[in-house]
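Have a look at this one before I ask anything.
Note that the chains are named A, B and C in the order they appear, and that numbering of residues resets to 1 at the start of each chain.
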Amino acid sequence: MAIADNSTDGSLHGVMRFVRSLAGFVVVVALTFLGLLAITFFIGRVVPIDPVLSVVGDRATQEQYDAAKIAMGLDRPLIVQFFSYVGNVLGGDLGQSVSTNRAVAADLVRVFPATLELATLGIIIGVLLGVPMGVAAAVYQGRAADQIIRVLALLGYSVPAFWLGLVGLAVFYAGLGWVAGPGRIDIFYDGIVPPVTGLLLIDSLIAGDTDIFFNALDHIALPAVILGFFSLAYIARMTRSFMLDQLGQEYVTTARVKGVAEWRVIWVHAFAPIRVPLITVIGLSYAGLLEGSVMIETVFSWPGIGNYLTVALLNADMNAVLGATLVIGSVFIFINKISDVLYRILDPRSRS
Amino acid sequence: MISRDWLLDTSPTSRLQANAGRAYIAAGQLLRNPLAVIGGIIILLLILTAAFAPWIAPESPVGQNLQNRLLPPSASHWMGTDELGRDIFSRVIYGSRITLMIVALVAVISAPLGLIIGAVSGYFGGWIDRIIMGVTDVFLSMPKLILALAFVAALGPGIENAIIAIAITAWPAYARIARAETMTFCNSEFIAATRLLGASHMRVITRHVLPLCVSSMIVRVTLDMAGIILTAAGLGFLGLGAQPPLPEWGAMISRGRTFILDQWWVATMPGFAIILVSLGFCFLGDGLRDVLDPKQSGKS
Amino acid sequence: MSAPLLSIEDLRVSFPTPKGRIEVVKGVTFDLGRERLGIVGESGSGKSMTGRAILRLIRPPGVVTASRMQFDGMDLMALSEADMRALRGARISMIMQDPKFSLNPVMTVGRQIGEALRAHERLPRAAIRARVIEMLNAVRINDPERVAKMYPHEVSGGMGQRVMIAMMLIPKPSLLIADEPTSALDVSVQAQVLDLIDDLVRETGMGLLLISHDLNLVARYCDRILVMNAGEVVESCAARDLHAASHPYTKGLLAAVPQMHETRDVLPVLDRSAWGGTGT
């Protein structure tokens, strides 16, 4: 609505600017992605394990070894190898996983929805709790509420996710029995619901199977709350700092001078301008949860991309490690840049 | 001579007086912030514990005693014993040395690296700036933990490689800060004046630009310490960091994972140590930021 | 003067510093009827803090005390926060210094003006819109329909300040505080904005408290002048008697004003020792 208000004049100019910023966005994302590829390629090259040896075995003759090396393209200059690597990745070929004996790309497609489901629920919890907490902390700056929220937020920076996961399991699963244990769903429910979105909570609702829905909810609750806690810490902290900044602005005083009710001063005048930077924060936090899910998934045996990555790490399955790194990195970059662009599109100040 | 009034004089007559006055005010503000004081005490305790570990720890961190396996916390074993009968409290005490070494080395490697790269980038500007910041941006828009994991996977597990991997992922943030600070200072009159006096680029950077970046750098490094500790512990937990029998806290939690449902203390105790130390750095960093870098107060 | 509109006695505002509490307003006393009163002083003299203290806008850790602060028979210090809110805007309003900072950047001009009205009167949307347009006309804005839909960053400084005036006068207050209303504006539009304020004040019979650092400006637009220095009122006189001011600070200020046909080689600066000021 706010955008429509403003597009009355100079709309052609606006379109041009939009196209230009879109082009800039694509270039930046492409370059960053190329940088990511360069890093994973580099990491793949410095692995002390000789990739040729792992194919031909220790007892291969020198001729067999050389032949395999040429067949794998490892005799070519590095830059050529890099571009063929980029070509492969763009073509969806991330190599073969040693541990699952399947294409890494296919594996990743299979495990990704589980991570997406977990991180999304986590961010929802983080936003719903974190934003009001941050606002409250800023409004009651220096008072008890502020101190409590501040310590809680700092705890989010200080508690190891894997430890909190273990303690959570010990207390709420083993101790109190409030939630289901590790895994995404009880074994006897596994594979019953036809995958549509890959998100169990949604698929089970589509299938109309409430038993499975509640079982899945039971399983996801604890890891999602823990992830939510970490995003809450970050979101609350940033919200607080943005709000403190806003509450000191002249136009907030102006609103008070007008005799506007205090809740309106806070939520309309002080909060409205920070919605846009908050989107960036939430985006970053969401991307951070994808990363944080590595530890949480490992602890909860959650069959997502993080768990896939750590299993691959333990098996020295480099193709799988690099593939997972690439996917998490790409999603991370993408969310990062998208929130950056949203910032520019949504803020009326940047539209003039 | 050194009186309170002298320190608080708003128009100092010498550089010494100005610096002393600023330090006095900063220290005063820091001491009035209870969280910062708590943080400082925790860090001090960490350093003392690491320095005097052999005298504090009642037992050896590696000596096994299978008769005492998995004993719950008691008067003789404050934090219980692990699956090899080792006293967990002693291991946590010795673990402080590893943690302190990791954070110190990461800070010593990445902060000066980032500082110099950022200052050079911001000072010269132009294409140098664009290339350096391009590389920095790539690193910054990458998930740190994942990157560190991939690096360690490539370099091989071990504490040295973990430190290198963390340092590689940590410097870009510092380069960013140093660049931003440098750019604001570069346009200021006093840098122009120094240049006019004939100072070389090298001298301007080392004598005038870098010292001005230091305070925001200290704040940032302190705040990052918690993240570094968590990443190191995470690597240890995944078996990629410190290797057994080293009493690294993350690795200890990993060993205790098997017993979490029945012998909760094995995994839980080292976690408290991690939280305490991370929290200490957070508190101190937060307090330092309020004092040294009030503009940034409250931001990430 | 029978019961004045605003009566202030011994107003003090203080803030904590590392050296202890510092008073920025040190016992200011004055009455204001339905007249135009100017407060002049350098920056840091406490004049803006006085304006904000009247509206009880000083936030902690700032502390305000006064032995009397009465507006229209009400004790401002004793009012509840809710009563104070009902008073702000509706009875006492304040024009802020710089429209660049004092208008909300993400809200259209029309909405911001309408909000000032809505805070105090329950009116249908159409009525509010009509009043907003009417008010924009009153502050001499051409094409008010279009301006109402603009964001603050899209209007010029002078227009922004007129928007500010419209916003502050739309609920028809009886006292208007103008805190350096033109110091952020181009010289060319300063007079226009002040003339506008002056006209509106005369039309509605409001009291005006004009806060400024500009002696000439205050002398021209006010009936009475208070000169403030270092938190204290050092001079109080009718505007036309300003040239006969007695306090050395006021004399110093007057002497420092450049003349059109200048014969002096050097403009004198304030000699602060003359009145034993603290001078910072």
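In the analysis below, a contact is a pair of C-beta atoms (placed from the backbone, for glycine too) under 8 Å apart; a residue touches a chain by one contact, two chains touch by 3 or more.
Quantities reported herein were computed from a predicted structural model and do not represent experimental measurements.
**Student:** Of all chains present, which has the mean Cα position farthest from that of chain A?
**Tutor:** Looking at centroid distances, C is the chain farthest away.
**Student:** Ranking chain pairs by how many C-beta pairs touch, which one is first?
**Tutor:** Ranked by contacting C-beta pairs, first place goes to A-B.
**Student:** Can you check how far apart chain A and chain B are, centre to centre, with Cα atoms defining each centre and the answer in Å?
**Tutor:** 25
**Student:** Using CA atom averages as chain centres, what separation in Å is found between chain B and chain C?
**Tutor:** Roughly 50 Å, centre to centre.
**Student:** Could you give the separation in Å between the centres of chain A and chain C, each centre being the mean of its C-alpha atoms?
**Tutor:** Here chain A and chain C have centroids separated by 51 Å.
**Student:** Over in the complex, which chain A residues touch chain C? Could you list them?
**Tutor:** 2, 5-6, 8, 249-251, 253-262, 264, 268-269, 272-273, 347-349, 352
**Student:** So in the complex, which bits of chain C are touching chain A?
**Tutor:** 55, 57, 81, 85-90, 93-94, 96-98, 101-108, 115-116, 119-120, 149, 151, 153-154, 164, 167-168, 171
**Student:** Which residues of chain A touch chain B once you look at their complex with the stated criterion?
**Tutor:** Answer in residue numbers: 31-32, 35-36, 39-40, 43-44, 46-48, 150-151, 154-155, 157-163, 166-167, 169-170, 174, 234, 237-238, 240-241, 244, 287-288, 290-292, 294-295, 298-299, 309-310, 313-314, 316, 318, 321-322, 324-325, 328-329, 332-333, 336-337.
**Student:** Using the touch rule from the top, collect the residues of chain B that touch chain C in their complex.
**Tutor:** 8, 10, 25, 28-29
**Student:** Spell out the residues on chain C that touch chain B in their complex, using ranges where they run on.
**Tutor:** Those in contact with chain B are residues 18-19, 280.
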